[in-house]
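Residue numbering begins at 1 within each chain, and the chains themselves are lettered A, B and C in the order written.
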Amino acid sequence: MGNSLDFSWLGDAIKLIGTGAAMTILLVVVTAFLGTLLSILGALGRTSRYPMIRRIVKAYVELIRNTPFLAQLFFIFFGLPSLGIRLNPIVAAILAMTINLAAYGTEIVAAGLAAVPTGQREAAQALGLRPRLVFVKIVLPQALKIIFPALTSQIVIMMLESAVVSQISVRELTYEADLLQARTFLAFETYLVVTLVYLGLSVALRRLMFAGGSKFIFSGQP
Amino acid sequence: MTKFSTLRLTGLAVAALVCGLAFGAAARADALDDITKAGVLKVGVFGDFPPFSSVTSDMSLQGYDIDVAKIVADALKVKLQLVTVTGQNRIPYLTERRADILLSVGHSAEREKVIDFTAAYAPYYIAVIGPKALKVQDKGDLAGKSIAVNRGTLEDTSLTEAAASGADIKRFDNYNAVIQSFLAGQVQLMVVGNDVGAGVLARQVATQPEQKFQLMTSPDHIGLNKNEPRLKQALNDVIAKMLADGTMNTISTKWLNRPLDLKDLKSNGQ
Amino acid sequence: MEFTLWDILRNLLLAARWTVLLSLVAFAGGGIAGLFVLLLRISKRPWLRRAAEMYIGAFQGTPLLMQLFLVFFGLPLLGFRIEAWTAAVVSLTLFASAFLAEIWRGGVEAVPRGQWEAAASLGLHRIRQLRLVVLPQALTIARAPTVGFLVQLVKSTALTSIIGFDELLRTSNAINNATFQPFTVYGLGALIYFCLCFPLTQYARMLERSTVIPK
C-alpha cells in the first residue's frame, strides 16, 4: 500500500464495472416502472371510500418510511423464506426496492392527484365520461405532470440506495466493486472509480427522465 | 512578536516535530515491544464463525479461537482485547495495526505478499454442504447449482477454481449471510469450513443438510504483519507449547468434538 | 447457545444505543458543518457558490454506502487509523452537512427579500444580516424538513453495519446467526428502528402544519 493511488487495474476491470452498471440500470428501470404503478394504487387507496383500505395504506407507508431499506431487504431475503416465500436475489431486490419506492411515491402521487383542479373532473364527467376514464385520461396525466420532478428525485434516490442490494449477492455495480477490491487489495481506488460511475449514472438518469418526461407524458398538455 | 520569541517558538516547534518523528519511528520499531508496552494484545476474530468464534446471549465471544487468544495473551503477559472483523476489513485492520494479530487465517500466496503467518494451530477443511436429497459427490456436480460463499476468503478462491464454469456462485460479505441464505433455501449449497458447517448441521433443519465433499484443507494460522520476527517467534513458541502439552487437544475436543490430529495441521500442496 | 426472546430484545436494545449516539453526533456535526457549507452556497462570490454546489452535488448524487467505503478505506491514506466508528462519524457528518445545507438554503430563500433589506438599512453588513435576522427565520421555516432529515440519518446508520460498526442492524445479523430465527430477530430490530423514527416523523409533520411560510 503505497502513498500514491494505483489505477493500473482499470483496463481489465472495465468489463466487470460495465456489467455491474447494466444490472443497476436494469434494477432501477424495473423498479421505477413497478414502483410508479404501485404508487398510483397506493395514492388511490389513501383516498379510498373504505376506512380499512385507507388504514392499511397508511400503515404500509409509515412502516416503510420509518425503517431502514437494508433491514427491509434482509427481511425479504432471509425472513420471508421461513414463511415459505423464497425469492431469488434479483427478484427480492426488485421487490424490496419497489415496496420502498412506492411508500414515498404514494405520498407524492397523492399530493399530485389532490393538486389537480376539481374543475377538471367535473368537466369530464359533465361530458359523460365514466369515472375510470376520467381518472386515467384526464386526472392522472395532469397529476403525473405536476409531481414528475419529485417522482424523478425519488427514483434517483432509489438508484443510489440500490448499492446495498449487493449485500444479498445481486451482481450489480457495488458487488462487482467489492469483487475487484478483494482481488487487488486496492479498496480506495476501486470505490473511487465506482463512485464516479454512480455519479454519472445519477446525472444521466435525471437528464433522461426529464427529456423522456416532456416527450411522452406532457404531450398535448399546456 | 519580538525576534527572540519567534526564535523560541520555532525552536519549540522543531523540537516537537523531532520528538514526534522519533516517537512515530519508535512506534514502528517492534510490534512485540508495542504490545508489551501497551499491556494489551488486540486479536482480530470473526463474530459469526462458530465454533471458532461466535456470540453468546450477552454478546460476548466464545469459541476455539477465543480460547487460543486467551492463552496467547497470557503467554505474552498482557491483557486480551478481542476485535471483531469481517472478511473485507480484517487484512486492512491488521496492516493498519487496529489489530495486532488475526486468527483463523488460511494461507495463500496472495496473502503471503501482504502479511505473515505463524505455524498452523487449528484444522480447517473447506467443505461443500447441501441438503440430503441433492446429489453432489464431486466438483463436477457443482455445475448448475447455486452456491453461497464468503467473498474474498480461501473458500471463495478454492470454490472459484473448483467450480470453473456453470456454477452459480453467490458471494456474500460475511459468514452470517452465507449460512442464512443456505438455511433460508436461497442457495442450494454452501461452502464453509466443515466445522462451521457442523454447527449448521446440528440444527436439524428440515432439509437434513450434510457434508458432501471436501474441497481442500486449509489449516488456520495466526496472521501478523510482515517484518516482525520477534512477535512471530513468540507466537510460534506459544503454539508449539500448546500442541506439545495437550492444551490444543483439549480445545479441539471441546469445540470440534474430536481430538486434534497433527495431520490436519498440514495443508495439501502448500 | 440458546437465546431467549428477552436475550434477543435486550441485546438489540443495547446495540440501539450506538445507533442513537451515531445519529446524534452526525446530526450535530453535520449541522455545524452544514452551516458553513450554507454560507458558501449563498455567498456573493460565484466560485464559492460553485464549490458548495459541487460539494452538495457529490453527496446527493452518490450512494451513501460508497461514501462510507471511501472514508473507511481513505482514512489510512491520510494517516489515520482505520476504524469503523471514526469512519461512520466522519462519513455521516459530511453526508448530513450537504443535505442540511441544501435544506437550509431552501429556508433562506423563503425568507422575504424585505427582511434582508430591513437588516441592511439597520447598518448590518451581510454576515450579521444573516446571523441576526435571516438565518433564525430560515431555520424556523425549515424546521420540518430538518427533523425529517434526522429520520433519514437514523435509518442511514444501518449502512455502517457493512463496515463493521456494531450498531443495531449488525447486532441483528450476529444474533440471527446464533439463533437462526430471522423473522423474530429482524422483526424486533425493525420494530426498534420504527420506535426511534416514527415519533420524529410525527414531530416533523406537526412542525410542518404549524410552519407559516411568509409570502
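In the analysis below, a contact is a pair of C-beta atoms (placed from the backbone, for glycine too) under 8 Å apart; a residue touches a chain by one contact, two chains touch by 3 or more.
Remember, predicted model here, so these are calculated numbers, not experimental data.
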Those chains which touch subunit B and also touch subunit A: C
Chain whose Cα centroid lies at the greatest distance from that of subunit B: A
Interface with more contacting C-beta pairs, comparing A-C to B-C: A-C
Subunit A and subunit B, separation of their C-alpha mean positions in angstrom: 38
Centroid distance [mean C-alpha coordinates] between subunit C and subunit A, Å: 21
Subunit B and subunit C, separation of their C-alpha mean positions in angstrom: 35
Junction residues of subunit A - those touching two or more other chains: 1, 78, 82, 167, 187
Residues of subunit B touching at least two other chains: 92, 173, 177, 180, 184
Set of subunit C residues in contact with two or more other chains: 73, 76, 162, 173, 176, 182
Subunit B to subunit C touching residues, read off their complex: 47-48, 50, 54-59, 62, 84-86, 89, 92-93, 96-98, 173-177, 179-180, 183-184, 203
Contacting residues of subunit A [partner subunit C, same complex]: 1, 3, 62-63, 65-72, 74-75, 78-79, 82-83, 156, 160-164, 167, 174, 187-188, 191-192, 194-195, 198-199, 202-203
Subunit C residues touching subunit B - in the complex, by the definition given at the top: 1-4, 7, 11, 14, 72-73, 76, 81-84, 162-164, 166, 171, 173-178, 180, 182
Contact set on subunit B toward subunit A in their complex: 88, 91-92, 95, 114, 148, 151-152, 156, 170-173, 177, 180-181, 184-186
In the complex with subunit A, residue positions of subunit C that touch it: 58, 61-67, 69-70, 73-74, 76-77, 151, 155-159, 161-162, 169, 172-173, 176, 182-183, 186-187, 189-190, 193-194, 197-198, 201
